[in-house]
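Common to both upcoming complexes is chain A, partnered first by chain B, then by chain C.
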Partner chain A sequence: MSSIDGGKDLPRPAAAPARPGAPRHEVIATAQRAWLTYLGGMALAFLPFVAFINDAHWLNILALTYLMGGLAASWNIIGGFGGQFSLGHGVFFAIGAYSTAIFVTRWGVSPWLTMIPIAIFAACVAMLISWPTFRLRGPFFAIATLAFNEVAFVLANHAESLTGGPRGLSIPFKAGLANMIFRDRWAYALLMFAFVALVIALCVWLRRSRLGYYLLAVREDEDAARAAGINVLGVKLKGMALSAGLTAIGGTLFTMYLRYIDPPTLFTLPEVGVKFALLSLIGGIGTIWGPLLGAALIVPFENWLRSAYADSLPGLSLAILGLLMVLAALFMKRGVMGVIDDLLKRRRGKGAS
Partner chain B sequence: MDIFFTVLVFGLLLGGIYGLVSIGLNLIFGVVRIVNFAQGELVMFGMYGGFFAWHWWGINPYLSVFLVAPLVGLLGVAIQRLVIQPLQHEPNMQIFATFGLLMLFQNLMLMVSRGEAYSVGGQVGSTVLTVGDLKLSLVRVVTLVAATLITIGLHLFLARTMTGKAIRAVTQDKRAARAMGINVEKTFLITFGIGAALAGMAGVLLTPIYSITPGVGGNFILAAFAVVVLGGLGSVWGAYLGGLVVGIVEAFAGFYIDPVLRSAVWFVIFLIVLVVKPSGLLGQVGAEEVGFREQH
Partner chain C sequence: MTANASAPMLEVRNASKQFGGLRAVDGVSLAVRPGEIVSIIGPNGAGKTTLFNLLTGQLVPTEGEVRYLGEAINALPPHERARRGMGRTFQIAKPLIALNALENVMIGAFLHDANLNVARDRAYAVLERVGMVHLAARRAGELTLSERRRLEVARALALEPKIVLLDEVMAGLNQAEVGIEIDLLRSLHAQGLTFLIIEHNLKVVRAFSERVIVLDRGKLIAEGTADQILNSAAVIEAYLGAGHVGSERAAASDEVRA
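== the complex of A and B ==
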């Protein structure tokens, strides 16, 4: 553990100076530029909120887009930066959702108070179940996380006194800022925006931090990373803890928005665990903006498909998502961000010659 | 004691089902090393094939299996050629691609069937054998027998035929097999095709037991992965044995602990095996090394 804990005292790795004549995309962004990009990107993401502030239908879609973007970005920390394809993030999502609902319905505790402790609890659970599974590589890890998701699903159905079992839990409507329940949709959309802004800010920081570089090193070549003195297991556990904690916060927000949760809503793979990965894939796995971009493309599209074809062609939206997933895996492995990156490179290449 | 025996027999019969659906995955996951999340959907296609053959032309499932299984096998060959082969060296993208296929197939069938559950009616499904005090469902006995016969057949195929030997060679060492003049890509294609055909076969044989819905594959896929890992990757008898173990564990857990928790119990066993002895019960030591390495 010690080898990666020293990061805080040491000076940050200096950003590479911009050499004259070096192609621009090879220059590591300075901290200043990274945060300026962050502000610009978040401002762009905020625009639709301003545009649709009076449109309840679009505010709902926006709230879900921001939330899914934040959740996908949380998954991306361990799945994208760390290269550990967890399909079991539904477990941490559900921990956030159920714990919040239980505290609210039984003891009337404000979700604002429990949000962070629950996130820390989810991070601890994540480290506990990941510690043995991180011995597994690639597909074996994915299958194991899938199995955790199934076990949690079965347990959630079984533990009726706690989770309400198949009947689920619903939260009574008591509007008020302290209860995190609002009359107006825009307040929820704003809340979800704050969530995704927080997650992406963490990603910007992480991407330039020691832990972030270690995660990338582990993803690229675990053995080489270990040979370079990186505590591979420790790095993975830290990445997983951060990812799971943020996912649990997403679960809290989800619960307070829908005010009803049951096991299928929290554990169905194409809607939760795999969805986070899918959004990241479409946008660009391992990039800072990819997950949000993926959510911005997919969530409204899916919503439209659902409302237009739910009766005439049930399953159409998920069939199309599945097809998109196959095509992206085959032809667009780096997602939309990768396509943008290639286009920019080509333009620069032409400009130089 | 009587109860104990009844549960044991029930578990064995259930194990036959799990063994049957896992044989195909064992080839695909154990030999070609593809995490095929869409395997359960191949079983589903087999079920629909069996159902429609019965519904439209009145063909008994035990007959139509000879038509449906090769068709599902062809679908498997197409999947391998178009989706899997280009991703041969990218396990993470295989996960996405095969899970995408799962979602695509499942929801295509949902669009076709509009969520209506089908089942093959008639005498076959409800016949009960009485042996002493035991009442056995005939189709479940047939399923166990079929699983056993298919396992024996597959064992003979892998042990005796040239193609089977090529498949085994590729399992053990891809590079050495290539050096011996084996066409590795073609072997993968054949293996994947056989694995898919076996899934289709399992599907048809299960039509008298399960009601057929688009999501039915979800009942099998994790069980099949558990069976394959438990039995040992690429081991034919391992998959058979693993199926029986999972079936018996589920039966006992369902009876003595809680029916709701029955699958959770073998999931936990599966996770323990995965972490502690990833080569499984009958797997060659090191057979799992492609996906697994010790951590310091």
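== the complex of A and C ==
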């Protein structure tokens, strides 16, 4: 990660520009500035944890928000930066969840040990199923990934010896750091915070790396990317592998938090595959902070809707989420991050004039 | 440059491309030598862009051979050709609109070095070469047509190419912009770059081409210097129709030159 070494400015050709443009340091952020922004953002995201450290109800919501923020940010790597609108990330999430549960319940292996190998396995599966799928573009790709999710749903229901089928798998409560099972809610919230912090750090690094730029180029125009010497399929596969691996880690954490998983929990589209995309869209697709912002807005709101109206109006939260998505698509195409960006630009523009 | 002038850099041997019943390119042979500027002209539908796509790898020829640096590359994918020093632009400019001008050029500059700072500095140097440094922070989607075209040239130059293939970079530009573009190409050529250019506008071709190749209905119908081509009956016929040859030939030739 040579890009973290601060904004070291190599000497450039001396020729002065004919007309003055924007100062060079503003054209792309220096590494120093990118990582300071990261620290600032994560500190802000940590504040509610400090505020609610003794409130079990809010710690639960926080843990889910951090987890969904991390999962949406993982999806955003291929869905946002790479522009490949996958709706099949439930498959990688489920690989993380089931594999962890199987290792814990059958052989008592610590989830800490299996987490990374499972993520690598999920990355390999992702590359295998993406290789043919990446020949499809736009909505056709999205539909194909949707099909993978549904196929995996059916398989998980049928493979009873492995997944427990519709009965699901439950993990006995044996508290201990080594087992990734905790008595206190705050420990889970902290764990989920570490996850989202890791994913977003990877995004900050990616956005300043060649792979990150190549993903953006592929999203913007595949032919132009090829003309720039980019192996489009290779870049998509790398982005998908990274995204799927992180999603599987999220699956591990989810399993260890709930200690019970079954096919509907892992494959229901509005709760998993579509949710990752939706949170990113609302927060700001293709941005570093959008997915976490989307989770911070939607997860607590949804939780409240569910607890307040679950009995009187079941399905209300889904209807409202759908409405929000339509409104976001109509009025803020770049999500909340886009609105914030525009406001900042307007203020800067006023300050300059 | 002259020492190596006899060995073609980019070559097409008897290439054809069939689309169903249409033979878009029909038995075309041509060669571009290091340091040359070669133009391909022809009326709409002459097969210029199809030939271009055979050269850049977007299409594979039905018959014949594309050779680059002495090697047959018929099936080599476009990105591999770019890596071997073949830069190109598109007839419809394809800037990466969400990125700023600097980042657009960095996409090309990353080819030779994965380091962000190195790519950024190379991209600045290229923007200086094409006179666009003052637009570095501008989003590509906010650039004018002529700036977008020049940005594509810059992205291609960032690959440090041996040859640059330009697909109608002058189309839709006004007189002043065309003048700027021609000056830019001349200065790049003076620095040793080789060009193969598709151009619809004969005036433009005349201003800077050493050698002109004329395509009509997929076939190569003439090859020579710009002046030879502009006086060729076959070319005027292809552009303006058979009726113009003869009595109206002088007038047609004037129109083409105007």
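List of remarks:
Keep in mind that, in the parts below, the second predicted complex is superposed on the first by the 328 of 353 C-alpha atoms of A that agree within 3 Å, B and C clash if a C-alpha of one lies under 4 Å from a C-alpha of the other, contacts with A are read in each partner's own complex, and residues count from 1 in each chain.
Criterion: a contact is a pair of C-beta atoms (placed from the backbone, for glycine too) under 8 Å apart; a residue touches a chain by one contact, two chains touch by 3 or more.
Computed from a predicted model, the values in this text were never measured in an experiment.
Judged by the touch definition given at the top, the superposed model places A:Asp221 against chain C, while chain B stays out of reach. When the two complexes are overlaid on their common chain A, residue A:Leu324 makes contact with chain B while staying clear of chain C. With both structures placed on the common chain, the touch criterion links A:Val339 to neither chain B nor chain C.
In the superposition on chain A, A:Leu313 contacts chain B only, with no contact to chain C. Shared-chain residue A:Ile230: touches chain C; no touch with chain B. Of the two partner chains placed around the shared chain by superposition, chain B is the only one that A:Thr133 touches, whereas chain C remains out of contact.
Once the two complexes are overlaid on the shared chain, A:Phe148 sits against chain B while remaining clear of chain C.
Judged by the touch definition given at the top, the superposed model places A:Tyr213 against chain C, while chain B stays out of reach.
Contacts of chain A with chain B, set against its contacts with chain C after fitting on chain A, overlap at residues 226, 232.
Considering their complex, residues 56, 58, 77-79, 82-83, 87-90, 94-100, 102-103, 106-108, 110-111, 114-121, 124-125, 128, 131, 133-138, 152, 155-156, 158-159 of chain C touch chain A. Chain A contributes residues 83, 85, 87, 132-140, 142-144, 146-148, 150-151, 154-155, 157-158, 222, 226, 232-233, 269-270, 274, 277-278, 281, 313-319, 321-330, 333 to its touches with chain B in the complex. Within the complex formed with chain A, the residues of chain B that make contact are 35, 83, 86-87, 90-97, 99-108, 110-111, 114-115, 214, 222, 225-226, 229, 258, 260-261, 263-264, 267-268, 270-271, 274-275, 278, 288, 291-296.
Of all residues in chain A, those touching chain C in their complex are 2-3, 8-10, 12-13, 15, 17-22, 24, 26-28, 31, 208-210, 213-214, 216-217, 219-221, 223-232, 286.
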